[in-house]
């Protein structure tokens, strides 16, 4: 019951924040950053299901993000599909790919899994860079506006509401899933695979399922991002982007949907705030990453919530 | 009728015969204990029966059907449930959630209803919560209802595993040293628990070194040594068996 | 035909030995702490940059290398003390993120302290290629191969024959038990970072004449070193070296016989393939956890 | 007075930092010069630079930030084709003139109303090399290029130019920027029958490694490099092995050797000495691009008499006869680069220095 | 007194696990600690070894305050522990596990003690090259005890040493404990097999929810009604 209330409360609060933030957004740039943050948050919410709840690492999720983006670009550009159809088709294809790859890969544990997912991400990145006939190569690929039901989403203000809506939906789905028996099974697999299996849980099936879901979240976010920017380069599929995504999840707080969201927002804003420090930017970013993880090892949000609870005297 | 049959089962680990050409059967509705010295192969036998290990030879029949090669979760779905000697607790969850995971097979596990949180799913889940809380009470863990599993002492975790195994509503329950880490008084409580489980029609296979418990509640005992059958029979028969005394019990038990 | 093949082998050996050296550093820290230190590449960079700048300023090579070792070791120890030790109870992923943060920080610092240029070092034993069966090999490659071989031998000896080495392994397997048998786990962790930083610096010095060095050169070496260490099996010194050589050879042979554009992808496909069949790498510890 | 704002997004770090770093230095230097000389239209110039690290998506965000938040009057940047192209939709939508420092043809072809560029295209470099080869009677060549943006687009242009000129590419290999060794690729080239010359398109340390591995394998055919290595760093890193290597370079690199009649000579000599005096490091081709971009922009603002973006855009388009480090620039509504093809000179490395060949 | 605890308390987060424990153990004594699940026995032993933070009170060993001493130095002073849950170094060989037990010792005695452990537990000799993690539960328990003995402790802390052992071995373990005591080792024994423990103990303490509720001679505790009912199942 308390869980349920916290959940609805969190969703309402998020909706309120999304509705109110535009009051403080001065111009298109701020909207743009907000959209970037929300799209990153969508990826992180999916990734958090895998990392935070399922206990599996992926250093290749930028690859799925990029596949979604390129899928949309190629399907709308070359095959002239409607953007929504392209997005759906890309997500389905990415889901299928994750399903096929997931079986063998998710048998691996810990750093071995990190390596395998990293490898898949890098292979995707290389293909995007190399197959320039299809992808435009390192110089990238342009694509058009996003349209749904005859309405065109253009300009960062439109995008803000679209991304906000999709974000809310993602949060809602993620919270529902975690709160269901299936979500509990997922966490059980994290806790002990042998224990979960003994309870009748198909641990590898469960891991594959969440891998597929998280890949599809990434793909959808990638498609939206591509349309929003109007131009994509293979960089979005790079190893660094994958690492950035994982960092967002861990920084915000693993096994916390809202934590993943907070992490995504912060790591999207941070480089923008540090941009004026010029050559010290990297040092400051690195120091902030280290410092946060040292002093708040559970991540920002869980630690904060812990502090507030303690302050209120509830356990 | 025998619920579980083991036929010529063997398991080797790089030259070590942990189980060697072992055959026996477990009758429905009984408490069947397996005893033997450390390293006799009891836990290995459990792992073979529940699909954690694949046997090197031989087969396992459950309810008359061969189940060799089935995965643990498939066997669980057939009604086999177990606890572990090396605890397999979900330390990232609360005690109650641990038990609820045990109840997994009886809940709605479909993806779409889960993503949409259909009301029917919620209702069943809430009902499961009550069932599982009841089971915790049954094994004597009522004070840990809201505790995180990571905060519980060792003895409580052993009981938690029993509750989790029970939550699956098994036909066959395999318990690996349920009394380890419990003092005599606490062990007697577990005696009661096991007896009541058996009385409810669940077949129990028990591995335990607490002879008071084994001798007190078993219908049938199988003694193993070096992976082979040393003796088999009623508690009285096994207790009197000189080989069992020499290898396992010592002078008095 | 054979000469061509031999040349690919040599090319693969050169790159492979470099990856192997990078991979060995991962193995050491992993052996002590179960942590993958993503800043390992930065140790190599620091070693290379320090040696190169000192040598360029006229310091004799041996002295430049020695100073670079000291600098890298200090950085490694500072990293352990200031960033790893305070977070010792955290999740492995959390610590991985800390090391990623550290690598970003060190890269940023290097760019401020030095510059963004590439730096080079003269080859240790001249630039006259050695001809063998129609193929050529640079003497510096032999240096890299030799240093890797020496490093495996030393590490094998250290982890299998010395009590301190075993204590390091014990610390990674079970920190609590290590404390209970009297192992000073803080010292062990500090030593592991010092050791792998030292190895990284050596690597940096010997590979710089081949690859040059710059503030960013740690990235690729870190990535390839990680691949090598995982392919070979985490924690195994021999594994890291074999893994590194395999990655190097696969890249070279793939460039030679298949496609140079996809050589990196092919290397990763091979790694994935190996992991599918050997989930703990070629020489990694097999799972010993029982239920 | 209200300052004129110039916004710039450059790849100061990351894989293209060898381009972005000197670009940033030049911009800062010449904006300061312009201010010292009283600014433009009596207004000081304010320069805002962001580092996109070579990532297109970051560049897009920074371009937006410069246009929307910093309210700049004109954008200079995009160190690479990828970063430029990622920012193009933003510039077009925000209607801010953008002058790119990248080489890619897609930037100006098709022509986009708000987008211009100053550097030569890769195609010009490729043409220069291919023509030089033709002059030497070379008909079959091997190509080796870096797999990232600069090398990749150079590769594509070279393939096209070679085809047009009847030169056959008998081997076509690729390496990654950070590969420690490329002998495998070069061995394959060496064993490809009939190779009369090798052309390497790349920048950074890669070409130096290619050059050294090339000599190590005992290859004796002529080796060509692209303008990507036209800085002394290349000679320093490749050492002896660079002797005899030919490449196309902007006049800037060989300023002192240019004919006295060359109209570029005074411009490049002054720029080179100014840059090298200030930064104590050798000038590269790329350092000149922002200089040209800045001069063109400032002149356009001057002519427009205001910072009205549309007017400035029109004036940039009307740039004509500007002599910069890259060559003579005359833009038009159909040509947003306007460089004469004669911009490149063929140079050869001799005794550790550049020697002008034509 | 070899070991003196005064007012020792410890918390997990904000939840107290030990609430002001006063215990004294003289050199050469064998002292048993009994208590139900969650009483705090393990927590107490962890505090003594320095792997669990102490939030109040002091620990004195051989007259010196060691409350803040790091765990490895305590082993150097002679405090050895066989922990709950065995905690063997799974992937390492049985022999390496034993050698590491003597990490703080040097000299020829170590090899001698190793042989002694193999004599005590012949199965360990048989499995000396195997990875400790592949041993059966009871075999690992033997290894944990033997590893603690390898440090040749002055004060041996045993956390449920008989757990998971076959009846024959349980008897064996208690015999070993008695012979160690006879040889002068001070022993602090936590046992669920309270009957056997109190029987051989000089003195015993009963712990309940973090506090000592009874302290007396072993035989007297065995006769105590409360103890008989709560811990002996009688």
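The chains carry the letters A, B, C, D and E, assigned in the order they are written, with residues numbered from 1 in each.
We adopt the following convention: a residue touches a chain if its C-beta (ideal position, glycine included) is under 8 Å from a C-beta of that chain, and two chains touch if they have at least 3 such contacts.
What you see is a predicted model, and the numbers here were worked out from it, not measured in a lab.
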item: Common touching chains of chain E and chain B; value: C
item: Distance from the mean Cα position of chain C to that of chain B, given in whole angstrom; value: 47
item: Geometric centre distance via CA averages, chain B-chain A, whole Å; value: 41
item: Between chain D and chain E, centroid-to-centroid distance (C-alpha), Å; value: 74
item: Chain B residues counted as touching two or more neighbouring chains; value: 43, 52, 84-86, 88
item: Two or more partner chains touched - positions in chain C; value: 111, 261, 264, 289-291
item: Shared interface positions of chain A, touching two or more other chains; value: 130, 194, 279, 281-282
item: Contacting chain pairs - touch in the sense defined above; value: A-B, A-C, A-D, B-C, B-E, C-D, C-E
item: Sites on chain D touched by chain A in the complex; value: 12-13, 49-51, 54-58, 60-62, 64-65, 67-69, 81-83, 85-86, 88-89, 93-94, 104, 106, 147-149, 152-153, 156
item: Residue ranges of chain C in contact with chain A within the complex; value: 30, 36, 83, 86-87, 89-98, 100-109, 111-112, 223, 226-227, 230-231, 234, 261-262, 264-265, 268-269, 271-272, 275-276, 279-281, 284, 291
item: List of chain E residues in touch with chain B within their complex; value: 12, 15, 34, 36-39, 42, 84-85, 123, 134-139, 141-142, 160, 163-171, 192-195, 229-234
item: Interfacial residue positions of chain C with respect to chain B in the complex; value: 289-291
item: Complex interface listing, chain C residues touching chain E; value: 163, 166-167, 169-170, 173-174, 176-186, 285, 288-290
